[in-house]
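Submitted below is the structure of interest, expressed as structure tokens.
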Amino acid sequence: MQPALALVPKNYLTEKQGLLSWFFTTDHKRIAILYTASITALFFLGGFFALLMRLELLTPETNLVQPETYNKLFTMHGIIMVWFFLIPSIPNTLGNFFIPMVIGAKDLAFPKINLLSWYIFMLGAAVTIYALFRGGVDTGWTFYTPFSTSYSTTYVVAAAIGILIAGFSSIMTGLNFIATIHKMRAPGLTWYRLPIFVWSMYATSLILVLATPVLAVTLLMVAVERLAQVGIFDPALGGDPVLFQHMFWFYSHPAVYIMVLPGMAVVSEIIPAFARKPLFGYKAVAYSSMAIAVLGFLVWGHHMFVAGTSVYSAMTFSLLSYFVAVPSAIKVFNWTATIYGGALSWDTPMLYAVGFIGLFTIGGMTGLFLAALGLDVHVTDTYFVIAHFHYIMVGGTVMAYLGGVHYWWPKISGKMYPEGLAKLSAMAVFLGFNLTFFPQFILGYLGMPRRYAAYPPEFHMLNVLSTAGASILGVGYVMPLCYLLWSWKYGKEAEPNPWRATGLEWKTPSPPPTHNFEITPVVTWNAYDYKAQQEELQLVP
Amino acid sequence: MRSDILQSGPASSISGEYEWFFWTMVTVCTLVALGIAIVLVYSMIRFHRKRENQMGSQRQLNIPLEVSWTAIPFFAFIGMFAYGAKLYFDIERPPDNAIPIYVVGKQWMWKLQHPGGQREINELHVPINQPVKLTMTSQDVIHSFYVPSFRIKQDVLPDRYTSIWFEATRPGKYHLFCAEYCGTKHSGMIGWVYAMEPHDYQAWLSDGGAEGSLASMGQKWFHQFACANCHHFDSAGRCPDLRNLFGKPVELSTGETVVADEGYIRESILDPRAKIVNGFQDIMPSFKGQISEEQVIDLISFIKAIGPQSNIEQHTSPGSVPQEYGNQKGIAGPGTVSISGSKPETR
Amino acid sequence: MTPAVSRRTYLFTWLTLLGLTLLTTLLGFINMGPFSIVIAVALAAIKAALIAGFFMHALFEGKLVRVAIAAGVIWFLIFVSLTLGDYITRGWLPFPGK
Amino acid sequence: MSPEIAPLALHEQFANPNQQRETASFGMWIFIISEMMLFGGLFVAFTVYRMYYPQAFDDGSAGMDIVLGSINTAVLICSSFTMALAVYSAEVGSRKLVSAFLVLTMIIGAVFLAIKFTEYYKHFLDHKAPAVWFDSAGPGGPKIELFYVFYFIMTGLHALHMIVGIGLLMATLIRNLAGQITAAYYTPIEVAGLYWHFIDIIWVFLYGIFYISGLHK
């Protein structure tokens, strides 16, 4: 069917043309696309560093790169992946695009601030990449003092300032989301009718707003200390390097939840849609998101059990760390219960979502080892930790991100992605990921410390396995980039609601018009009400 | 020699308990993960969508289920916390009879000192079945002393002491790693711990060619840095009497009381003004920059030796007369410590 | 539009703030050891509450704003208390660095 | 809601002016909470070191100029008062008074900055400017310097906020002169006022921690 061009209603992609219409847009959907393009580029840059690291670790000796270079590689990998991919990943792309649509709003509360946040993010990225091209940074993404302030000879200040700038973009996004979710919901859309996606994004935004400023001020102090040669964290001048760790982890532990809560948000949408079943234990899942946001701030000390903090402080943090594991467990059980008894269709988003459950469970359970004081002493600062947080952040967040991109791709682009290729890449990601990171648990248990450019030969075999897995993982990540771009142009036209999912975003054309809804919807139903949905579509006998 | 064989598995007094706890956790977690996996795989087969318009069950709440999968993990977690905390206390609290060994980390080497004065670089010789307490500091950035087989790790910080202890249970050669990223050659800041039968250890000690025990070195510095001019061994001096000081509470001019431990003595040498003993004047000059971390350690050993619990003497080799030993101030480089070359275990 | 706060209230708030500033300064001249800064911060907190309550209309805003302010204060207290918790309990065990 | 609101003032994403007003003011509150944590980080670090070195920090505090500091506190409280009156004038719809009070607030703010930089200059002359010219000889030198490092970072960050605040007031003044602020729609000035009062609150605490504890010396 090829209707006359004039009859095709304008959507957000076609309403305005030209590059400038993108760079000056205040449409949350277009800004989401701008963010997606930026973070995709940065993801592959960070991934390239990871690839070089894995190649270097293929042999016990340093033969591909020198230790100086290796140290810069893992630092830049960490900085780019954490602050320029994971933190903005789901919130600024899928969140930006779908929070207003899911709550039936025309746009975010502050569209200009939304655009400004993208520019600030790009400025931060530019400053960081400047540091990279001037020769990189070798402090590790954690910037531990006094190494970062007094001993490193690399571009620490530029990198710190870049991250600080990007932090303000995070704060703006969080602020925008909170105000939007509170004030812009469609009539009738009460808190308990909101999809879990919104609850989790709200929890994420709280952390963004409350934690990010502390990172900003901590990095500011590092920069001042380094530039002015004064002692803030330098013990020689009366400072305490452990205080830096407190301040850094006060941000950076909650930051882990900034990364994984949006992943949980996406998975909580995908699973009901492909099981055609309401999310099991809606309130438990909603409250657990909020509990994670609050409790996540009480546990940062578990990064410092061997750092020279007091034993009593360590015990407090250990106990609190176990408390934050409870809401995560609740979520996993409820997702599993949602799948049980559903009418399951194993499309690509569902594959990613189930992969998320599996990998997040392993990541979460190994977290229990790290929270146990006595066990942590041996495995902290080893590859056990590396494997643990990659299971959460890559196995969790990146899987959920890819699942979400596939799930909403018909809505974003108006086209269907090629299902066969997508399933293949989902499998490649899952298998490659496990092959890369599972051996690292064993390496850590055997005692291989992290951030080692060279290692004793008895760790060789497991490192070879890990590198082999990384190559599969790399292919798994490049494939979606290729076929999604292909489908944007050549893919099959998508219906407004190809999955027959509930949710307001599916009640408007694909791709949506600039103002999302021709008529502001009035909500009278609960989230995930598949029965009403089927009745509405007159599908139920 | 047996101790040349590289041992990787667990080999310390706490590692048995550690292994038990670790593998119990692995078992519990695997069972739970398997449970989830079974539900998922079963659903995958049993609940596959058969008709295009099919809907899933619309059940969305089961209160007993929600409560149980909240409460059961909660109490299991409390149990894990409790056992982990107990193990941590065991790892953190050295027994009283431990051999005191001092560690100074710097970019990128470990310098270790035995109470008898033997000095080693990147190697540590210890007897088995005897607790060893490490008191550690760093000359530059943060390092971390990590012996995987002993299941211990402790960050080593500049300008303060941290401590850790272990008791090796099997003779052998074990990896020593730096586990906190410390700069370019972080991965080269590695070494070996040699756990030896007690008689081998005694032979190694006496073969050492140490220039005198740490305490006797400390006594030498005590005179060389003119500490003795003020700190008389009577109660009439202008400065506090240092005899019977170590481990005792000290009342400060601010009214607070602190225990005279290693950290306090170190601070009092390098920054005397920080804590002034009640009834004394702020007249002591700072020795910061004039005295190396090793010399501070010697002085602490000396003060310990004249203190109430001088249990260190039993481990020191004979010869407490101060001998000529490097007048260098500052960093003792590898050259000055070549005594380790004559050790039986040195590679 | 009726103003939320009258000019009289603003005037009284202003004068109270100036008075509290004078009080803070005068109390500073008395040596109270560690308490002098505690009192100074407590007085500052009272002043901050006055500014937020009257000048910023927090007392007349809805529940949402009050919850937000409470959240900010609570989060700051979490940060302070758990950090200081480490510093205060250091040295409770008689081993270096514990 | 009042019908006299200019149609232009309502942004398209909002359903009605009341929603727009509440959202803008709530957004500013969230931003203030975030700023609280920004200064909160510095307060935490300061508290830790103060607890560790009470003596040196009191000595550092003794080097403050209490007269200028107290005057400055009073000055800033006055600017908050005039700011509150500016919002009040907007609420009752007096455009002239709004402009007058905004200008007055900006002038008082500028006076604050002038006094602040005078203080900085005096610290420089006293050799109490870390990294530039700091006389750390004498007992406890580095720790006193630590006090001054925090003093300069925190008051400097505060001064930066003042400058941003004056810019915000300037923008509000222009909007007022253009007739965009009415009794029915005065959200911009309300939001700017919130920010200005918040800067005042921060200063009140800075005054408490930096100037007072060394006074008895």
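We just call them A, B, C and D in the order they show up, numbering each chain from 1.
Everything below uses one rule, namely that a contact is a pair of C-beta atoms (placed from the backbone, for glycine too) under 8 Å apart; a residue touches a chain by one contact, two chains touch by 3 or more.
All of these numbers come straight from a predicted model, not from anything done at the bench.
> With respect to inter-chain C-beta contacts, which pair, A-C or A-D, contains the greater number?
By the number of C-beta pairs in contact, the winner is A-D.
> If you average the CA coordinates per chain, which chain's centre is most distant from that of chain B?
D
> Name the most central chain, where centre means the mean of Cα atoms.
A
> Taking each chain's centre as its mean C-alpha position, how far apart are chain A and chain D in Å?
Using C-alpha averages as centres, the distance is 35 Å.
> Which whole number of Å gives the spacing of the CA centres of chain B and chain C?
Whole-Å distance between the two chain centres: 42.
> Averaged over CA atoms, how far is the centre of chain B from the centre of chain D? Could you give it in whole Å?
It comes to 47 Å between the two C-alpha centres.
> Multi-chain contacts only, two chains or more: what residues does chain B have there?
92, 154, 157, 160, 162
> Mind pulling the chain A residues that touch 2 or more other chains?
In chain A, the residues touching two or more other chains are 182, 210, 214, 236, 242-243, 246-247, 250, 308, 311.
> Residues touching two or more other chains, restricted to chain C: which are they?
Residues 64, 71-72, 75, 79, 83, 87, 91, 93, 97-98 of chain C each touch two or more of the other chains.
> What does chain A use to touch chain D in their complex?
105-111, 171, 174-176, 178-179, 182-184, 209-214, 216-218, 220-221, 224, 228-232, 236-240, 243, 246-247, 250, 515, 520
> Mind listing the chain C positions that touch chain B in their complex?
Result: residues 91, 93-98 of chain C touch chain B.
> Residue numbers of chain A touching chain C in their complex, please.
Answer in residue numbers: 182, 206, 210, 214, 242-243, 246-247, 250, 297-298, 300-301, 308-313, 316-317.
> Within their complex, state which residues of chain C touch chain A.
64, 71-72, 75, 78-79, 82-83, 85-87, 89-93, 97-98
> In the complex of these two chains, what residues of chain D are touching chain C?
Touch list, chain D to chain C: 2, 22, 25-26, 29-30, 32-33, 36-37, 40-41, 43-44, 47-48, 50-52, 54, 66, 70, 73-74, 77-78, 80-81, 83-85, 88, 91-93, 183-184, 186, 193-194, 197-198, 200-201, 204-205, 207-209, 211-213, 215-216.
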